[in-house]
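The following blocks contain the structures, represented as structure tokens.
Next, two complexes with chain A in common: one pairs it with chain B, the other with chain C.
This part shows the complex of A and B:
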């Protein structure tokens, strides 16, 4: 099918915007049935997500971990694997970051923080690489195994936090010992957004460069396209796939480490907040494109922030924002069907005509 | 291609945010007009209609809403992450709240403390936390109720109703607040018949509906015939027990509606008492009550009305104990008390008052409890 470059660009912008508008419109109808003023709701959604500097900080802060957990889905997906166990990598990353000071003394400065984050990334990388290895060497379905490994990770996390690593002073909220003040991650230059956002954005950019402009990234995409063909041309498919899994896991592990170092100050059950699962949705909506993950994660963060204001001003239940989310993402995914057709106006034949011999077979 | 997409998107969002300044001004005006009323913010970790912990708070918040000169803003399903910090800050800067009630235990440290440090003029009152003089700022505080008193009464009723002499407790985590309830429930039942044992199952987290159902079913299989629980939403345990033809004592709020025949009584919060105290202090400019505690006597907790299956003797017995508690002449944790490994945890002659801080770090299960921490 021939598409001109302006069409691709135009569609890349128009499709999500159209889908989002459709979602908002449907949501307006939905709240109108519930007896609320849709105009007021739309206004609040916008004010809550992007209305002022507080809203922007709110939105960006919520999006930061999602960028990293989305990479945990996107990178293996580009190598052909559907990994949905980012939550497990995230909690183990958090546990590793909180646990490193138990094993070795750390300098209470940025270098120490870096070590914490490296430990977090390594833990996440190992966990998702395990799912990749199970798939490559034992033929275990990686979607199922990564999901189940996630449950094991959470069980391990709880075991260590509530058992051997528990801070005896944490009575009703079992936690690990808090990490030293100097190791914590603070806000960015006076803003109420911590450095996790920078990590998320930079790693999405790095991932895009890796996939788009390096030989290794290209080889990974070839393997993702057709592993058998890749092996035929001599690409080490096992190695490439497991590396992509490890890199994705590292991103999710890092998200957990950042949550501990920037928000919770210790590992505890509050870390298990579904950020890893939200990343799955972000990555699928972004079509596993690292660059697209950034705006999609921000949009997701915006929904969270807007939902918060909507609850407070309109007294709508939290579930209503889930409805909006549902409308929007179903439409975004459905809009894929229009890709390559949006600006054709029915002029280009949709598919080549079948040869005369290809008559439909009898049922 | 994606670059263009990204850039144009950012540009568009930038323009939109500029345009939004215009839309904001009516809000600012409205906020200024609303300043005369006290705006109070409520934050819940789960849904407001969970038949449990969050509903107990939301019901009392609905009472507060009716008070003159008070405006409330509420938000439910707020996780114990950065999200709750943003919600608190949003209530302060977007809604003009001057008093916040973050109701989930996990909100206290580090979230509420972080936001409180940035907003010294706003009062924060947390449910369940251990506010400590000198350690935590003066504009923060915590309130909680001695609900173990009502769990003791649950135990008394359960002790009368149980035929198998086996009662069950579905619990979230082995933390002090939960252990105290398990122990009080057991002591209440064993005050009726010392042969009674309480089987406890920990599900591992506050909201695990599937595990709660499995635990209830498993205990019922073992012959347990009266249940109670300490999880965020008791709905599943109540319904499962009723379906199995067993009896149940409620927790957090009344679950009588879910199983009118099987519901015996229940330990309910009565948060309105604490709320009123704290709100009145805020309205009159009195110092923020930093450490607020109370039980049946102070009206912080209450018991559900007896269900039809509660025999006359049980009602009389429980009412008598309750009257003593309200009069202040009843202590649940008195020596000599052994834990379920036979170790003496409270020596003979020692009695803990409900207000004793030692009870808030309880780490044992009393004799008669079948289970391990």
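This part shows the complex of A and C:
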């Protein structure tokens, strides 16, 4: 490929923005058919997501778990695996965080919280590492096995929350025993945004450093980019791939633990909200780049935050944000087809680019 | 008394297998057709719920359940067509697109379906296969969805067509070797788009079964993930339409086992029973795969079978 670096960077930024504008435009036409004023809708979307400090806090709060579940897709993808079971790792992480106090007494301070989060991360890591191990040792496709493991995780979650771990006081909405006051995660420095955001941002940064500046991360990318070359130079593929899966799973498990410790205060069905699936899309839009995940997650967190405002002010159904996200994601994914052509008007067409890291490998 | 309880449970599971399994049957047949052409559609959950809404709306507005079924099929085909078209573009990942389609289908269904939550729509008639029995229970268990026999016929027809017709062979060729298809001058994208749209139509019929027969209304909790399972069902059935029928009944029966046991006093393992099909599918995958060979019977071009 003879593309100049500025072209690649320019495209990586311009394509999603163009596609997103297309999604907003399409959404405007869609609500216009329903008799709403599209300009008012666009304005409210912006105000609801980024208009004032309240909406910013709401936006950031929603983006925290998305960053972590996106890492669950991005890290294995850089090692060459397409994992879509983040939802399962997330609910198991939440279950582990809510379940740890059942097993052992915890100090009601930051150290206790750390133990909760470690339990959450370990549960998620085990679950996704299992998908990676099945792939490496038995040749089971990791996309399918992680999807199946996700359903099994959700069934386990419901079984424990509504059965053995149920708090008898939770009548209408089965939940586990609430987490002790001292173990909960609070807001950062007087803001409503809880510390989960810091976890998300820091882990994305750490992941970027790991992939870009460490030997281990480089080896992982080699395995993901060219498995045969990795074998030829004697890289331990099994170990690297399963580690990448475990790290991704740990991030998603942590997301579940944080949601439980900061938002829901106990494990219950509210945790199963599709955050794992949304993370898949965030990671694909960010092209599995941990640094790009941060702004993408904030943007889509912002759309989620704007949803309630659209509902209150314009009487739009609560699903309108989902429609907007659907349009945007379809267009962003479709815009991949323009890669390598956007700034290349009338030049000789190049041969297709190498498949991106996350795409299923051609045998 | 014991024997009576066992009979009750068996009967409830059989009736439930057909009742719960009908949407499973249609989504798995739709996914089977799509995957046979070498493409995966993970977004059938969105297709299913969107077409359930469209089918309900169609039946409510026209007063005819069968027009609703038809509308459900066509709205499923529309989303399938979108998936097929976008995935035909260069470098578009079909797994990510499937998730996006799921989001879009669910969003559109919930948005457009808001006014349909209250009203009642005419239902698909049930076929009373339990007419010979005086027992109310037997009659209730064997009154089956009129779409179910249609699905059985479709499974038979698809199994026959894949082996014996020009169209069936074309789909399989595109799914097994796009190079061979190109060498013969077949448009690989064209066949895949057609197969994905047709698969969407079939899955749409499953949506109609949800909103027009069982549970038989429109609300946002209508599907309990039947569309998401389609991919697992097809693997379980090893890409054979006839085995899809068996798989759909088995998955439906497993779903009905929990409530049936609950009604005779065994409770507490409801969700674990629901998870049995997934564990089985995973066990089959682990059993049949090895690092040296991929799944037997899987279309060679399918990204996930390598």
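Everything that follows uses one rule, which is that the second predicted complex is superposed on the first by the 346 of 363 C-alpha atoms of A that agree within 3 Å, B and C clash if a C-alpha of one lies under 4 Å from a C-alpha of the other, contacts with A are read in each partner's own complex, and residues count from 1 in each chain.
Here is the rule we use: a contact is a pair of C-beta atoms (placed from the backbone, for glycine too) under 8 Å apart; a residue touches a chain by one contact, two chains touch by 3 or more.
Fair warning: this is a prediction, and the values are worked out from it, not measured in the lab.
When both complexes are overlaid on chain A, chain B and chain C end up clashing with each other. When the two structures are aligned on the shared chain, A:152 is found in touch with chain C, with no touch to chain B. Judged by the touch definition given at the top, the superposed model places A:82 against chain C, while chain B stays out of reach. In the superposition on chain A, A:144 makes contact with chain C only, while chain B stays out of contact range. When the shared chain is aligned, chain B and chain C each come close enough to touch A:317.
Shared-chain residue A:228: touches no atom of chain B or chain C. Applying the stated contact rule after C-alpha superposition, one finds that A:8 touches chain B and leaves chain C untouched. By the touch criterion defined above, A:162 lies against chain B and chain C together after alignment on the C-alpha atoms of chain A. Legend: residue contacts after superposition of the two complexes on their common chain; A:289 is shown touching chain B, with no touch to chain C. The superposed model places chain C right into chain B at 219-227; the other stretches listed in 219-227, 291-299 or 327-335 stay free of clashes. Of the residues of chain A, those at positions 158, 162, 317-319 touch chain B in one of the two structures and chain C in the other. Every residue of chain A that touches chain C in the complex is listed here, in rising order: 82, 84, 134, 136-141, 143-145, 147-149, 151-152, 155-156, 158-159, 162-163, 277-278, 280-281, 284, 316-327, 329-330, 333-334, 336-337, 339, 352-353, 355-356, 358-361, 363. Those residues of chain B whose C-beta lies close enough to touch chain A in the complex are 1-6, 8-10, 13, 16-17, 20-21, 23-24, 27, 41, 47-48, 73-83, 85-87, 89-91, 93-95, 105-106, 108-110, 128, 130, 173, 175-177, 204-205, 360-361.
Residues 5, 8-9, 12-13, 43, 46-47, 50-52, 54, 56-58, 61-62, 158, 162, 171-174, 192, 194, 208, 259, 263-265, 268-271, 273-275, 289, 291-292, 294-295, 304-305, 308-309, 311-313, 315, 317-319 of chain A are the ones that touch chain B when the two sit in their complex.
Of all the residues in chain C, the ones that touch chain A in their complex are 42, 82, 86, 89-93, 95-97, 99-111, 114, 225, 228-229, 231-232, 235, 268-272, 274-275, 278-279, 281-282, 285-286, 289-295, 303-306.
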